[in-house]
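Should a chain be cited, it is by its letter among A, B, C and D, assigned in written order, with residues numbered from 1 in that chain.
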Amino acid sequence: MKIIKDSVHDHIEVDGVARALLDTPTVQRLRGISQLGTVSLVYPSANHTRFEHSLGVYHLACTALEHLGVEGIEAKRVQAAALLHDVGHGPFSHNVEALTYRETGRYHDDVHELLRESEVGEVLESHDLEPTRIADLIAGEGRFGQLVSGELDVDRMDYLVRDAHHTGVPYGTIDHGRLLRELRFVDGELVLGEGNVQAAESLLIARALMNPTVYSHSVARLSKAMLRQATEQLLTVEAFDGETLQRMDDHDLIVALRSHEATREFSRRLDHRQLYKRAIWAEIDDVPESIIDADHDRRRALEREIAARAAVDEKAVILDIPSRPSMTESTTRVVVNGAVRPLGQQSPLVEALRAAQRSQWRLGVYSPADVRERVGREAVAVLDLRIDGALVSDVRSSLSTTLDEFYEN
Amino acid sequence: MKIIKDSVHDHIEVDGVARALLDTPTVQRLRGISQLGTVSLVYPSANHTRFEHSLGVYHLACTALEHLGVEGIEAKRVQAAALLHDVGHGPFSHNVEALTYRETGRYHDDVHELLRESEVGEVLESHDLEPTRIADLIAGEGRFGQLVSGELDVDRMDYLVRDAHHTGVPYGTIDHGRLLRELRFVDGELVLGEGNVQAAESLLIARALMNPTVYSHSVARLSKAMLRQATEQLLTVEAFDGETLQRMDDHDLIVALRSHEATREFSRRLDHRQLYKRAIWAEIDDVPESIIDADHDRRRALEREIAARAAVDEKAVILDIPSRPSMTESTTRVVVNGAVRPLGQQSPLVEALRAAQRSQWRLGVYSPADVRERVGREAVAVLDLRIDGALVSDVRSSLSTTLDEFYEN
Amino acid sequence: MKIIKDSVHDHIEVDGVARALLDTPTVQRLRGISQLGTVSLVYPSANHTRFEHSLGVYHLACTALEHLGVEGIEAKRVQAAALLHDVGHGPFSHNVEALTYRETGRYHDDVHELLRESEVGEVLESHDLEPTRIADLIAGEGRFGQLVSGELDVDRMDYLVRDAHHTGVPYGTIDHGRLLRELRFVDGELVLGEGNVQAAESLLIARALMNPTVYSHSVARLSKAMLRQATEQLLTVEAFDGETLQRMDDHDLIVALRSHEATREFSRRLDHRQLYKRAIWAEIDDVPESIIDADHDRRRALEREIAARAAVDEKAVILDIPSRPSMTESTTRVVVNGAVRPLGQQSPLVEALRAAQRSQWRLGVYSPADVRERVGREAVAVLDLRIDGALVSDVRSSLSTTLDEFYEN
Amino acid sequence: MKIIKDSVHDHIEVDGVARALLDTPTVQRLRGISQLGTVSLVYPSANHTRFEHSLGVYHLACTALEHLGVEGIEAKRVQAAALLHDVGHGPFSHNVEALTYRETGRYHDDVHELLRESEVGEVLESHDLEPTRIADLIAGEGRFGQLVSGELDVDRMDYLVRDAHHTGVPYGTIDHGRLLRELRFVDGELVLGEGNVQAAESLLIARALMNPTVYSHSVARLSKAMLRQATEQLLTVEAFDGETLQRMDDHDLIVALRSHEATREFSRRLDHRQLYKRAIWAEIDDVPESIIDADHDRRRALEREIAARAAVDEKAVILDIPSRPSMTESTTRVVVNGAVRPLGQQSPLVEALRAAQRSQWRLGVYSPADVRERVGREAVAVLDLRIDGALVSDVRSSLSTTLDEFYEN
């Protein structure tokens, strides 16, 4: 057994198949992938990696399994899936995912392929585990898939606490010890036992507070969009394809962006934190439905149109459209008076948090500071935004129900 | 200058009038008054006192004043009020308050009297402070009264963090550093500056989560009600009056309850944690309005009637009616788009938390375990509760959207 | 199983015999006994109790037993002993111990008697445990006694971390998780496994730093000596004997001291923190051997003699002689190169810490501020101290290799 | 003013010249340099950077200056120096330093040059600060140089606490708040005021415990030596010179090592954590003086000789000779009885810690696992070690007064 010291969970015991998986290049690669990507441009202490997070998720999975009384091959499967749940991530975690896996389901397939074809597959098989079943668990399938990837998964419990520890933002401090103890299986569904409506709410609230403060902080979104744009440029360079990109770690991508002419300027701006500014920061009710649902090619076309009308270089306009607000935790199941009920039915908070989330949604148009006004004005026209065109960003962006302006902007 | 080490705020500097006040018997008495009273029967680590809390409130007041740029006599007044804000508390803090100050306004008058007549008054005057103005600040009056006792007061900021530290419940971990920095005066009103809707919400949420988990935990309420009942008995003993009681600290009251025949049994039960059980635990919609608004004498009469019908001793029935749910934080003022708005108007959470609070409200009837069913049945009849009389507590009390059953029940 | 939330160890599971013992008056009484006694006069947050400490010790014992692979009746015995290890304490913990158990062995006998004769004995027997064997474990006897009371005991591991948490002094933050994992039995002796010399040193160092900063802080010692003196006075009052005193909790003793004429003045000084001052604070090399070894009666006689010569009331002189410096951890056994060795042989730190401890030893003579000089001068003569008599305390006491003057003096 | 959230010090206010310096590429570059280099191969959470550390040092410097009452241009200089103190570091911090600055004084000169010639120089001058004086402060020169780089510097105070936070090892938790408050200038020397011998000791002890547990953990040393060897190889490649290397960040170096044929194998081993093993781990008394003092060329020659005799590839042998044990903190000055004394004179601990440090010193010879024995045997001969040649590493290395074998080895 190996003992690893973790800054969040203290001592983590790694044993059996997890011990063997830990030493594979596929898992060691996660040391080079930061957990929060460009968030460190807002919270400078947030440099933790997918590797330590994966260890944490594995640790919480072990604790959950112990409380649930699950042992044997089933427990081994969940432990392996917990440790491996992020191996499919490309550099900067979620940041480039959208670029490389545009087709639905592609990500899932890739994890299957990855587990089957890398040395991870051999390790799994030598421990009598089928790579396919592990990949299914990672995709949230099956009875125990919910524990790895679902409304009550250990992934979320680890990242909330870990991101709070590393950013210094206290909102993620959930009582994971309690949540893990209260997990139950009822009719094959993972639920929280009687008397835990509030415990479930606290998980929901933690995410609702961490979201605008950390994950969707305007500067984090802006720099993430710049990184995405730069990476798209990189993919146009002959030597690169999605597969290559997907296997990189952060170091590779950073240096690649620095090395190519086409991406050098973006890279310089990210390295020196000389970021674009918000030209538009529009609320959901001011954006036409068709824009919200624009796909990748449409988005690129809109950027080009805005750039052309504003007479700026194409790279000087970034259009950042978040997906529609959703709240998967609302389906968290809790036992109330002996019956399993979805949290959304039981708690008045779910609807309120959904409304809060909707009110925090923003479409962003970003550009260099010196052309910001011009770009903003043209963007209002091109995107048909229901807002006044003059000095858009100043009038509307200051709304900011989020914590945008406080930290390091 | 005196430096005091605090487990929550680390080093606290105490200077000027605060330094002199610290050494008065009135302030030193707070060492003998626990912050959370009977909550320690649920969370055994929660033994912190009003003394350390008062130091913490003083410390946060100093920080807030510094950020607000307030100096001179006005700052001195606020500092004195912060340190003294709890000196009017009787033993076990809020627990016996209701007994001794039944008439409206009495508490306020008493603090005036206390500050004027004790050696505290001399200290204040020797620092050119008028006791009356300090008492007014403690009552939340005036421009700076809001900082001492209002929706954004430093009292709350300290107790949420401190109670979290000592109970081990993580929900109180607000970002008080941020809140203090963002305080502003706009037209004489204390508000949070632009971009702080979410910071204000986090304060609200912290209280909303700490409330059922800690402050109104069913066992804490039950034992608090037992303590109140015992203290009422004590007041019937010749030697005691409200004034005497009010000047006691926890040690005095505990020993007094142990010493008198009339209260010995309650005392034994509290000391040995052999508490009454819940016979009724009814939701607000099941309780007639007239019961919710019952005053002290009416409540006592109802207890006697239930006891008589159930043929048990009068002391074997305790009726515990919390005040109607309220949420003062909803009036917290926040700057949004340059205009000051009440949080309740801005945040969808306020309404939801209000609803959650209402759904957590419970009327309790407590009695010894062996007569619990009988007492429950008769209580339904006497209180005209809209619930089925048989085995009341088992059917309805298990609802428990709170964390009741988890810790040390 | 009962789950208790603890501010230090988070969730503590209490089961089996421990669950039953928890509900006994003997264990519940520990809620009324503070862990650090008068230390809260220096560190106002240090109000934690023997109850939460006992739960913590029980918890660490369970963890240690799990790592050691000990189960069954042997484990149950250790768990019971861990939870009960402090039930013999009088009010204010160690403070009055010396008064009530002067004869050697008395304390030990008393725990035997206590476990046998109280309801604790019944609980133990109903779980097939012999009270006598549990009392032996508490006294550190037998193979597992070392885990409850020895150089590597769980008592120390809990109190260092807990006292650090509650005082805010960071020095007690040992890596107890590591220490517990590394415990081994070699030839019936409890040792730390290979590669743990430094882990053992860290435990030693934590105590060496916490000692002068917290446990022997001059104000804590001074107030403890005042409390002891007051309690001695109390024992001269007819109604009190050692047995009565021993069964009190802090509340009882505080109120008793307040109630009796003979102790009212001490009580007032302790309640209002108007403490005596140091008239003498002498290093070990300046104190004759015969004084260091003075027994209780001799000490009282010396106090009277100093008082008489200084023409002050007998109560105005307190002579405080700590026991000779000792360092039990030096015999901690660690495996080095496969052989078990005592830490003192292996680590150069042990000798240094011993020297540091010796240099921090101080004999104190305390008196009211206004007679301090006179008392100091006469004490030098009576005790035959090898220091200059004039303004003794100012010249020598400022030496203070301890942190005396920093916090709240 | 900019407010930055830090996971260690919470809110850090950055103002004036520091605000302007923060936005320079020279300072932003520190985001790409990890604080602890290869230590993250032992403690996976230790991914914090020189950037956040520099902010922390700046913050502590501001606090110290405030307590010392220093303002104006002198304070601005110290603040700038604190923020800039690490800008001269190459990738992986200290790891390659030795390679690039072999000549004495070179590092110092370089910082002078760096501050003068980069945009940092312009910023400094536009704030009326002379780059040369800032570089002098960073080198520890002058009255305030001691605060930036000396026995009581804020650099150490930050890194001990920060490294503890990120590794999870509790030993670095010093009371920096207290240390900063107790700083004094006496006759131009920075000292700790009266009553702080123990506070000074605690700083010394924290380093003494963190050293073998973290900074010199055998796996951290081993991987650091591998990285150094790889980087030396890289410097033999035409395109690279010391200057280029020095301006890289971690990302650049990692990718460069991956890209070049000559370093690919080292790089693969570091990336996949397939490290060399210890063939020799020898105590100081077993190593001839001439070996301990070997310079870089001599060390390389010895490696080649061992490799040749063991008939392995030259890269398969790494000789790792730490510098002689030293303890700069022993000269920390503390006021004792009104006189300034060096801590080494006052505290018996200093000598003991020096002895402990000496006993922990180890010369390492590392090689791939399969040739470990052969290399070990030949190394004994070549280095003329006073130890038995057979199975060297097994016999002697197990001594390990350090925590080597516990975490992730």
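Note that in this section a contact is a pair of C-beta atoms (placed from the backbone, for glycine too) under 8 Å apart; a residue touches a chain by one contact, two chains touch by 3 or more.
Not measured: the values here are computed from a predicted model.
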Item to complete: Check every other chain and keep only those touching both chain C and chain D; list them.
Response: A, B
Discussion item. What's the farthest chain from chain C if centres are computed as the mean of the Cα atoms?
Written reply: A
Worksheet item: What is the distance, in whole Å, between the centres of chain A and chain B, each centre taken as the mean of its C-alpha atoms?
Response: 40
Worksheet item: Counting in whole Å, what is the centre-to-centre distance of chain B and chain C, each centre being its mean C-alpha position?
Response: 34
Response to the item:
Rounded to the nearest Å, the gap between Cα centres of chain B and chain D is 51
Worksheet item: Multi-chain contacts in chain B: which residues touch at least two other chains?
Response: 3, 10, 169, 178, 406
Item to complete: Within their complex, state which residues of chain B touch chain A.
Response: 169-171, 173-175, 178, 182, 194-199, 201-202, 205, 209, 212-213, 336-338, 346-349, 351-353, 355-356, 359, 398-406
Discussion item. For the complex, give me every residue of chain D touching chain B.
Written reply: 3, 10-11, 177-178, 181
Response to the item:
Within their complex, chain C touches chain B through residues 2-8, 10, 23-25, 28-29, 31-32, 34, 40, 43-49, 51-52, 55, 165-169, 250-252, 254-255, 258, 271-274, 406-408
